[in-house]
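First chain written, first letter: the chains are A, B, C and D, and each begins at residue 1.
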Amino acid sequence: MRQAAGKHSFERKPNILRLQKAKRRRQRAVIDQKWRCAGNVEDFEQLDTFHRAIRPYLCLAQVLGMMPLANVLSLNPQMVTFQLCSSGTCFSVIFLLLGGVKTIRLATKLFQGGINAKNIVGVVFFSSGMIICLNFICLARCWNRLIVPWSGIDIIMLFPPYTTTKHSLRRKLLITGCSLGCLTLVEHCLYYASSYYNYRMQIVHCQTNVTDIPFSGYMKREFADIFEMLPYNPIFIFYAFFLNGTFTFIWNFMDMFIILISIGLAERFQQLANRVLALAYQHVPDAVWHEIRMHHILLCELMDLVETNISHIVLLSCLNNIYFICNKLLTIFTKLRYPVNYAYFWYSLLFLLGRTCAVFLCASRIHEASLLPLTVLTMVPSDYWTEEVQRFTHQIRSQYIGLSGLSLFHLTRRSFFGMMTTLVYYEFMLLQLDAKSNKNDLPALCV
Amino acid sequence: MRQAAGKHSFERKPNILRLQKAKRRRQRAVIDQKWRCAGNVEDFEQLDTFHRAIRPYLCLAQVLGMMPLANVLSLNPQMVTFQLCSSGTCFSVIFLLLGGVKTIRLATKLFQGGINAKNIVGVVFFSSGMIICLNFICLARCWNRLIVPWSGIDIIMLFPPYTTTKHSLRRKLLITGCSLGCLTLVEHCLYYASSYYNYRMQIVHCQTNVTDIPFSGYMKREFADIFEMLPYNPIFIFYAFFLNGTFTFIWNFMDMFIILISIGLAERFQQLANRVLALAYQHVPDAVWHEIRMHHILLCELMDLVETNISHIVLLSCLNNIYFICNKLLTIFTKLRYPVNYAYFWYSLLFLLGRTCAVFLCASRIHEASLLPLTVLTMVPSDYWTEEVQRFTHQIRSQYIGLSGLSLFHLTRRSFFGMMTTLVYYEFMLLQLDAKSNKNDLPALCV
Amino acid sequence: MRQAAGKHSFERKPNILRLQKAKRRRQRAVIDQKWRCAGNVEDFEQLDTFHRAIRPYLCLAQVLGMMPLANVLSLNPQMVTFQLCSSGTCFSVIFLLLGGVKTIRLATKLFQGGINAKNIVGVVFFSSGMIICLNFICLARCWNRLIVPWSGIDIIMLFPPYTTTKHSLRRKLLITGCSLGCLTLVEHCLYYASSYYNYRMQIVHCQTNVTDIPFSGYMKREFADIFEMLPYNPIFIFYAFFLNGTFTFIWNFMDMFIILISIGLAERFQQLANRVLALAYQHVPDAVWHEIRMHHILLCELMDLVETNISHIVLLSCLNNIYFICNKLLTIFTKLRYPVNYAYFWYSLLFLLGRTCAVFLCASRIHEASLLPLTVLTMVPSDYWTEEVQRFTHQIRSQYIGLSGLSLFHLTRRSFFGMMTTLVYYEFMLLQLDAKSNKNDLPALCV
Amino acid sequence: MRQAAGKHSFERKPNILRLQKAKRRRQRAVIDQKWRCAGNVEDFEQLDTFHRAIRPYLCLAQVLGMMPLANVLSLNPQMVTFQLCSSGTCFSVIFLLLGGVKTIRLATKLFQGGINAKNIVGVVFFSSGMIICLNFICLARCWNRLIVPWSGIDIIMLFPPYTTTKHSLRRKLLITGCSLGCLTLVEHCLYYASSYYNYRMQIVHCQTNVTDIPFSGYMKREFADIFEMLPYNPIFIFYAFFLNGTFTFIWNFMDMFIILISIGLAERFQQLANRVLALAYQHVPDAVWHEIRMHHILLCELMDLVETNISHIVLLSCLNNIYFICNKLLTIFTKLRYPVNYAYFWYSLLFLLGRTCAVFLCASRIHEASLLPLTVLTMVPSDYWTEEVQRFTHQIRSQYIGLSGLSLFHLTRRSFFGMMTTLVYYEFMLLQLDAKSNKNDLPALCV
């Protein structure tokens, strides 16, 4: 790997990109070899890799048209690639078409009826859904370049001297995903409950001669954009619900995806920290420190790779969350008519806040885990305080390791606090403005 | 303490938690030995440990149901443990029950009468009291794990070469606690004075035929939630006053507790700094630097332990203080009727601001004290500038030592300034909004 | 270059300024020698220097009176100097006179008619144009002192061991400049289109008996300040359009200039990083590290020189951008009459935001490129980890390299995010204030 | 200076305060010796010490009762001490009495007439004057402890190898002080002009039968609090003007004092930097680096001493400036009646902003000057890169050197920018609020 010294400064160096490619080729070769050592692919399936843990979510995303990857169920991460002609791409195209039609119809209606801060929410929701979907398709194109080095590191970190954690990564991701999924489902159902109850009450109060209230009436109002064009039959009812549900899923999947990635990365930094912590009060030869430091660099490079590929999704997620939280906060003092409206409003606000909080806290755990080895490093006695240890200490201290939104902000507890402070301050200003006007009566029920 | 090199990287390491446990066991053993050296427990009582200094406050907190600890008066910190079946737990359960009933009754009344930013204060006060109490019960469960290592460090730092300060830690904590207690008492009395005077004046002005104003009338209005259910007799009068007093105490105890902990920690960092400062212009052997650095690491570990256990209380305290300050600021331009109302309003606002300021300044002293040794370290001549000194310098410079609120923000002078700036800015906005409306007349006295 | 040790502390040192001068003289000598090595000036012209790339823009700026430089087309950067008696200075004086007259006339009209936040925009636009022009004339005076060392560094970095990038600097600057120029042109045309359509529609609707609408009427209203004084003839029509166009160009040139400078600097830091990246996994002799570090210092000194000379322009640019963005945001909820008004408003707002974003992102690339060598430095094996490498690492880590606005703020992604957050927050406050008043009807068309 | 090693860790160390005292005694001895070397006191007077430069301002401050120092004109800084029984103290007591009476009378009037955001300004002005005066008396008590070590460092830095700057410190301070004094005087005169013109115009317009307007009428209204108690005669006219003038002077002296101190400190850091810059491209023996580093530490200690003694004045100054700027900004949209009112309003607002800006920029120059040696340090060749140079580099990089307001904020360009941003943002909010109300007509002239 080393060339003769002195030569390099006189010749024209080959392009840096070619060097990077060579490096990546080397990495793949190393992983392939490791796999061969790991026996066969069935053995590999036993390993608690991130690829195995995230696979169910990739499948789900593929079905909903977000990540058009071929061989998504394959045990071998190298097989999971983006292919233009695959079922995934097909799903994506269909979804984008249907979603695009819906968004355009909503936007047209909005411009015809006059735009304001309140009725714009629906269009923002659907168009942000489209943008999220496009971003994930972009991510799918680079997924292979991301998951192969990650699996390489996973293989290193799943064998001794690294210890595994009590619960497998797969289980952690499953529990996190399912909990978030359930909470999302409840929010989605509450939305329908609240809107149906409003519809029902309006009919009861305003149309005195009505005896039974048909469900179809509700459907025709809720999905006006669809049933104005298409006939009312079970297929299109399913279609209407499905499209709404898919967009809600996409909207939540983005945050969930950041959380899952963060858990995966934090786990590896935690394992490295555990290895270092286990070396406390022991004499550690320099070669071991070197190996640990090289693994730390590997992890940092993986972190950079992930950061490059998902930082636009992180930015999108934060903007999205802030917009919807602010939108909810704007109407926090508006009187609502029925308890179910209050239930939906507060559940959905708390759900939004909780989800945003979860994204920030999970992502900040990566940085916190990366700082853990420092405690042991300060305890290394002077006799064993070599250049390696010193460089490792400097490296951990001076680098910032963590996710960011296009480098505009980092996902830390501190920036979460700043965001919350601004929101609370905004709310206090609204409170004061509201106290001055005092005209928040309910609008007439029957127009 | 050191094992054969080379072995450790091939064997599966025992769980990290077991290692931590072993370390803690070792620490306890060291402390036990130190105690034996210190003669007997009566001698130990002579030492100015933090345990001795905080004990009176723990007793008080136990009686009021906040910290259910067994053997709280014991001279030996290892005996002060959380026990499910003890008088402390009993007090806590009773307090939580009574407080819960009061809070629920107030909340019910509030929801019936219509909620707004002003009448919500009472419910927030009582429910935050309940939350504080639950947080302190959590702390009580970990208290033993906190005070034992702390006492171990205390024993190290109370003997030469460490010098003691002019005033004992016990005296400092007593003076701080008593002053805060008196100020709280004045605030509590002013509250009753203000509310009683209002009641009296309203009777005098509105009910022309009344000759004497019974005290019971005031009581029945002030404690409406109690005397609507229970008969008016001395026991329940005491009960009403006691419950109000306890909640006020809890509310103040939280801030006081953070201040006391900060004083205790800052004292130890100051002692370490004093030891280093005394070494200025002297030749110091490397072994001494190593010992000092190890003691610094011990202190940092103690700091981490404290941080882990009370950072949720710090967050709660700051949120609480900000809410009540903002609430006061909202009504700062409201005209009041009598001088006693003004006296109560301004005293309580300044008391709140002063208390918040005290929390931040005391906590920031920890960090300031931890930086003091740097001056001497820069003066060490080059001949004696060893690896130890260099590592000590790096360690002090790069680590942040201090309390934080769940890592969301640190208790520094700078963050205090940020908070105050935001409050002042908020106030200026209110001022401007207020100048535009100009309808702050007094409401009618007799409704 | 080195003097006898021990002497220097007893003699009075010559003035520091003289030393700096000597250093600069030395640098010039080195560059001259390099040039001689590079054969003749025609060969030099083949080199992709920053001087060659920026030259077209300097010419343009000279014609419009912004940068009065002599020999601006010269191949030799040392010839491009500021001269009091030159065509450039002449252009500048004429422009300043004409611009000054226009600004004063507009200001007089404004003061006579009553000043408010809306009609002040025009005067701010023209006076900021004058200030920008004066700032660029200041820069022109120091241009020689800036471009000569820059060319010196260029000559070093355009030969091996440094590699050149795929696209030449000249091409990059040309593409950037042309794109920005086109976008500006579209904005300028849309402005006329919008204002002419408004004029036309007003005539059509309000003056029923008018059959044809003369263009001269529009001209006389749009350039009221000019045609009230001067007769309406082609020369003065050209003059009116030319002056408006020039001021719009100046206003955009400032931001474009910062972007071009940033691209030029980032290119050089990127080249240095590429050289270091190509050394990964190789044994590198200490002399090479020393050379690279010295080149890094040279680049940092160039950065300082640039920073000193254009930081006032950076500040001006940011203030200017923020003022015009805020001004647009203030009227974002105002209803407009015709689609062309909407087109102009939104195009110009997005153009402003995009331009500001481009300034910050391009400038922040300098800092990002300067950090790239760190990855390789952490990988240097311990055997080759010398003092040189360590110092280089420290140097890169501890210095902040990038443009700033008079040191008041740095042009980073983070500060851009802060700026955007504040703007969005401001907009949300406006939204809320607006929702309270609800009186944004269109004013009467015919007054 | 060094004691036997090993001993120090077994014996109880003497109190740290005694050590500090010993150190200060040593410093005094060194300075005394230096003075003796400098021949006699007359020679010493020739030296451009900070003591000589600040002396005229101290005299002025003493006469106006702000700094009660004995022997303020003495050439020897050790003679300038705080004495309870001196003419300075006498002046201070008289001033505080007269000022106190004025403040109390104004406050009483205010409370009687009803308090609001506008009429409170006068009372704030006079009471802040009193607080400033008390703070300076505090400073006077510690002045001796500050100026003696400062003079010691001055003596070191006024002889070779340190070079002196082109203009003497005395001249710089004189020019700064005189310019600020003149600007203050203009502001003070404009205030009288504006208020007298208002008075005159009101008489002319409202009292039709008046032929001549007596000056005494104006005096009796302007100084109502004085001439309601005392007869109208020249002595009391002088007294009225004198008191107003003194308070205005005090209010400006605070900012001027911070600026002067900052210039003095920045000068010394600049000299140190110049010495280091002169060593560029030379071989420098380690002993010289050690000497420079020790002088840097001396300067840092002086900085700490100054910081401890004037940080409360810095905080007071900033709060004061922000209050008066915000107060002016609140009324920025209020229409005024006469041009002289506009002249006074805008001059005084710009003067306030300029003064605040000057304080921040001068203070931030200290930090900027302290960073200058870094450029040379990075250029030191590897062969001469010793521990001393490395430690010096680390020292400069890691320490923050500069003035702060009680550690709550630092006086940097960045914090100034933050302050200005907040003010501008506040102003934009006001602008928007104002645009909504639109009722800023002039109040009736004749009430």
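By our rule, contacts are C-beta pairs under 8 Å (C-beta built on N, C-alpha and C of every residue); 3 or more make two chains touch, one makes a residue touch a chain.
Not measured: the values here are computed from a predicted model.
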item	value
Set of chains whose contacts include both subunit D and subunit B	none
Interface composition of copies subunit A and subunit B: same or different, split at half	different
Rotation in the CA alignment of subunit A with subunit C, degrees, nearest 5	90
Most distant chain from subunit C, judged by the mean position of its C-alpha atoms	B
Where subunit A and subunit B are represented by their mean Cα positions, the distance between them in whole Å	37
Centre-to-centre distance between subunit D and subunit A (centres being mean Cα positions), rounded to whole Å	53
Sequence positions of subunit C contacting 2 or more other chains	429, 433
Pairs of chains found to touch, sorted by chain label	A-B, A-C, B-D, C-D
Subunit D-facing residues of subunit C, complex	1-3, 5-6, 8-16, 19, 23, 117, 286, 290, 297, 301, 326, 330, 386-388, 391, 394-395, 398, 406-409, 422, 426, 429-430, 433, 437
Complex interface listing, subunit D residues touching subunit C	160-161, 163, 274-275, 277-285, 288, 291, 364, 368, 375, 378-379, 381-382, 385, 393, 397, 413-414, 416-417, 421, 425, 428-429, 431-433, 435-436
